[in-house]
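The data blocks that follow each hold one structure.
In the two complexes that follow, chain A is the common piece, with chain B as its partner first and chain C second.
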Partner chain A sequence: MEITLGQFIALLGAALAVLLPGIGSAKGVGIAGESAAGVVTEDPNKFGQTLLLQAMPGTQGIYGLLTGFVIMQKIGLIGGNFLPLTTYQGLLVFSSALPIALVGLYSGIAQGKTAAAGMGIVAKRPEELAKGITYAAIVETYAVLALLASILMLFGIKF
Partner chain B sequence: MAKVNIKKMSVIALQQDKKKVLSILQKLGCAEVIDVREKLNTADKEKLVTTQTKRELRELLNDLKFTLEFLSRFSQTKKSIFAPKPLYSEEEMRNISHREEVINTVKTCRGLEKRLTELKSMEMKLQNTMENLQPWKILDIPVESLGQTAHVVFQVGTVPEKNFEEFKSKIAEVSASYLEKIWEEREEAFVFLVYHKDFEKQVGEILAESAWSKQDLPEIKGTPKEALQECEKQLLEIQKERESIQEKAIKLAGNAPLIEVAFDYYTIVFERESAAEKLGATEKVFYLEGWIPEPETEKARKALTKEIDGIYIVFEEPETDEANVPTVVKNPKVVEPFELITDLYSLPGPNDIDPNIFMAPFFFLFFGMMISDAGYGIVLALLGLWALKKLKPEGIGKKLFSLIFLGGISTFIWGAMYGGWFGDLIKLPPLWFNPLEDPMRLLLFSFILGIIQIYMGLALQGYKNIRDGKTLDAVFDQGFWMVFLSGFLMFALPQTKGIARYVVIAGAIGLVLTQGRHQKSVVAKVGSGILSLYDVMSYVSDVLSYSRILALGLATGVIATVINTMGRLLGVNIIGYIIMVVLLVGGHLFNIAINALGAYVHSSRLQYVEFFSKFYEGGGRALEPFTIKTKYTKYRNGEEI
Partner chain C sequence: MEEYLYATARVKALEIKLISQNLTERLLDAPSAEETAKVLSETEYGSYFGEIGSVYNFEEAIYKHLKDVFRIIDDSTGNPDFTRIFRYKYDIHNLKVLLKASYIGESYEDILIPIGTVEVERIKKTVSDKDFSELPAFLKDAAHEAVAGFELNHDPQYVDFILDRYLYSKMLDTAKRLGDFAEEFVKTEIDLININTFLRFRKIGISSSRLKEALIDGGYLKPSFYVEYFAEPLNSFAESLSVSRYDRVVDEGIQKWIVDQDATQLEKALDNYLIDLAKQGKYEAFGVKPILGFLKAKDNEAKLLRLIFVSKINEIPVEKIRERLRDTYV
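Coming up: the complex of A and B.
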């Protein structure tokens, strides 16, 4: 099988869609986890609550994987029938990966910081956990919007 | 259906009936006792210092809590969290609490804990000694003989290994001296050194040159070897004693249920004492003030007057400017679980209407749409149902699991609509349509839901304004906005497209003319009127925010499909099938967990940020009823009141 430049560019898009938000989430849950461990040193019973907050920046990575998977399905990598994409087709797919790739990277880190700050709420006023979660959720909005844009773009591209 | 009217209750009765009155109120558990001491002047306040009994009770509760923690460390039987709590009346609890075993157990546990700490520090000290002595094990002179005699100095110390040869030869030049390398460890030579005092200066110089570090051995008798053996022996004894303590504690752990009852009993008494502290009193009578929901007033009056003669009770409306009036909401049973969402945000404040009944349908819809998998819905609903039946939670727990149950039902409905059954594991045709095939349709539907909710928010604020007699505000601030926004929406429909322009202009004129009405000068009035039109952006962004319903719904479905695809790739042989099953179960469970969390968080956010911001102020305070709080037992209303 001849490998086209289009295929390569499209696959690069899929790779970035998984890679960058993955880094963002890893960093985000890492930041949040460090604070969580601090809170749990004082009160081990808060494990559940802190875990909830720590998990929040993890969604970007999932969104990225999701987009990457949709791309792989779209270009036929999964299913065994790799489409012979033209360069422009490849670029289209690549562009559609960009929103979640970049927003996922930065919002994951930002959400991690917000979640880490929310750990302070869990430490001092555990009954107000929902507010800490809401703050983190506001950051997540942009990852959700980026995912939406990426997915809509992908569904819109017709080969 | 809404906020419950709260009455202020005032009770005056004789001092001798105080215990009885408090006991009755505590059992009713519907009223909050107000601290009237704040209203007293300082002179009266001084008479009401914290009672001795309360302080004693607090200490006792601390002791009991410690004992329970201590015993749980040694308890052999793991208590199941599903075990039903034993049922006791107050009489039974009192009898148990006064049994001698209770106080004896507490005392013994305190003693054992103290001894354990002592043993721990003894052990540390011994281990320290042993560590210090270890390198000197083959030094065969008694440690106590180190030091100085009239003419000779005996010393032990270390020099860096690399200096040792040089050091040795230099010392050998000093006539009356002896040196022996005892041990070698981590680049250090452990050296025993003897020299005559006459050469102190000369030796001192050599020691300084070779970086000699003098070691002080622990104060012990005998050779290091003997001392080490002695230490070992003592460690063994400590271990033995610890085991015997453990045995004792395990035996005592059988008393834990008694301690639990005592803990609950004294908590009840403590609560009562705390309430008693809040009362106003003269020599003969006392005065109690409290908040009580209106529906409970008659019950309280009956219970009190039936038991006690010469009691005066009155229920009044709180004054309009009265601060600190607590909030109680009452909703139909279906809506009750959703109260949790509002409670976590903020309870309705004095001017608020109870938002729960308006918020609940939206939360229900959104939660289901965000997960939107019929299989996941069944799992969630069953989980909620199981927890409700098995754990029999109360309060927040009950609301939470009911919410999971209801959310599961909504998820099931939407999953069936979209045709998602564990992703594409079970292929059933959608009842409505598959959002993966036509995402724009679902996006539009999400926006429509958002628009409905935003209009409802505006309408509720309008209602609030009219209720407060600010009809004009309702027309200007909510009415004109609705006209203005509706104009834009009319562009979307072909039938109304023609007149849409005029509706927008009418709304805009209304807004420009009225939104600056609080400004002083005419210029400022017009200026802020025009600027207010820019708020349309915030409404647009509010509506766009509802696109998350589509995004999260798609995400669940696609992740589920990913899991299924990976599973299918594996299903080639027996081992593959086993891994496949594990992967499918684990993957779908993970997907349910992460998406249920996401659906809860984002549905809540839509309520908090997009909906509540239109009309809801919050800032209310929950009623904290003076009631019976038990942790380990269940309270049975006894015959005696």
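Coming up: the complex of A and C.
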């Protein structure tokens, strides 16, 4: 099978869709985790609550992986029948990966910081945990919107 | 800018254990020093007060606790500059005590405070050997200059002036490494000390050349500002301060000082100003502010407990103690 530039570009899109939100989530849960450890050092009973907040920036990585899978499915990589894409077809797929790739990266980090700030709420007023989660969840909105955009674009492309 | 995620979260968790206004009231209501110590047993101080035999050793418990707090902050930030800003003053205090004791040939062992950056024993040894080369650079220079100053005019107060100058210049250098807020904090402290010095010196009628010796450089208000107003009526000094960032100090402390020259209210207003500045730390999620704020809160708490215990031991009425109480951080 001859490899086309289009295939390469499309695959690059899939790679970035997984890679960048993955980095964002890793940084995000890292930031929140560092903060969580500070709270738990003083009060080990708050492990459950802090874990909940720490996990929140992890979703971007999942959205990225999902988008990556849809791309691989779309270009036939998963079925074993890699489509011979033209350069422009490859660019279309690549473009559709961009929303979740970039928004995933930045929103993951931003959500990590919000979650870490929420740890302060858990430390001082554990009964108000829900408010800390809500603040972090608002950051999530934009990751979800980006995922939606990426998926709609992918479904819209017809080869 | 470093965010100190772990350390700030830990500080937030520790803040809830600070002595609250409510608890302060209960400490005040306790009928004796022993009862006050009992009220404290439900706080973080409990184990420390358990270790000391008699309540008269309350300072030992307070300082041991403070030392552990310093260790927690050093470990969790990985940056000893935070606590140094609060610890250098104990080094200088110990050096002052030991130098002056050596001049008058008496021992003041019991007022040494063992929570500076250098162990008390080391400072003691250097003072008795008259060889300061083993001390950290700033203490060494400070000691040399203080000794030279004392030999020149045989006035122990000069020892204080010189050592305080070294202390605040070192604190300011350390604070600058931590960024703008820490710098603002130390500069403000310098201003507040200078304002206090200015007013006290005027009251006892000391010459302006001596005032110059006592003023500390590095604050927002230059020493020349105080010298300029030294011969003027107090009202014009107050007016000039009331258009600066210290307008609250004027309203709460200096106005009253002009009327009755009562140091209690003045010092309270000065201290409260700095506590208020530190309180910014409560509203910040990460970074230098919450950590410095917490350290100031602890510093203030130690002061509060000392005041309460000294007053309880000396059976001073609650209203008198209350007058002197500073605001709390929480």
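We take it that the second predicted complex is superposed on the first by the 159 of 159 C-alpha atoms of A that agree within 3 Å, B and C clash if a C-alpha of one lies under 4 Å from a C-alpha of the other, contacts with A are read in each partner's own complex, and residues count from 1 in each chain.
Criterion: contacts are C-beta pairs under 8 Å (C-beta built on N, C-alpha and C of every residue); 3 or more make two chains touch, one makes a residue touch a chain.
All values reported here derive from a predicted model rather than from experimental measurement.
Chemist: With both structures lined up on chain A, is it a clash or a fit for chain B and chain C?
Modeler: By the criteria stated at the top, chain C and chain B fit after superposition, with no clash.
Chemist: Please work out whether A:148 is in contact with chain B alone, chain C alone, both, or neither, and reply first, second, both or neither.
Modeler: A:148 contacts chain B only, not chain C.
Chemist: At the CA centre of chain A, how far apart in angle are the CA centres of chain B and chain C, to the nearest 10 degrees?
Modeler: 50
Chemist: Is A:5 in contact with chain B, with chain C, with both, or with neither (first, second, both, neither)?
Modeler: neither
Chemist: For A:133, using the defined touch cut-off, is the partner it touches chain B, chain C, both, or neither? Pick first, second, both or neither.
Modeler: first
Chemist: Mind working out whether A:120 is in touch with chain B, chain C, both or neither, as first, second, both or neither?
Modeler: After superposition on chain A, A:120 lies in contact with chain C alone.
Chemist: Residues of chain A touched by chain B versus by chain C: which partner has the larger set?
Modeler: It is B that touches the greater number of chain A residues.
Chemist: Applying the document's definition of touch, where does A:51 land relative to chain B and chain C: first, second, both, or neither?
Modeler: So A:51 meets neither chain B nor chain C here.
Chemist: Should A:41 be classified as contacting the first partner (chain B), the second (chain C), both, or neither?
Modeler: The second partner, chain C, only.
Chemist: Rounded to the nearest angstrom, what is the minimum C-alpha distance from chain B to chain C in the superposition?
Modeler: 8 Å.
Chemist: Is there a shared patch on chain A that both chain B and chain C touch, and which residues make it up?
Modeler: The answer is that chain A has no such residue.
Chemist: What residues of chain A sit close enough to touch chain C in their complex?
Modeler: That would be residues 31, 34-39, 41-43, 113, 116-117, 119-120, 123-124 of chain A.
Chemist: If we count contacts the way the header does, which residues on chain C are in touch with chain A in the complex?
Modeler: 5-16, 76, 285-286
Chemist: Okay, in this complex, where on chain B does chain A touch?
Modeler: 344-345, 436, 439-440, 443, 544-545, 547-548, 550-552, 554-555, 558-559, 562, 565, 594, 597-598, 601-602, 604-605, 608-609
Chemist: Considering only the defined contacts, which chain A positions touch chain B in the complex?
Modeler: 52, 55-56, 58-59, 62-63, 65-66, 69-70, 78, 129-131, 133-134, 136-138, 140-141, 144-145, 147-148, 151-152, 155
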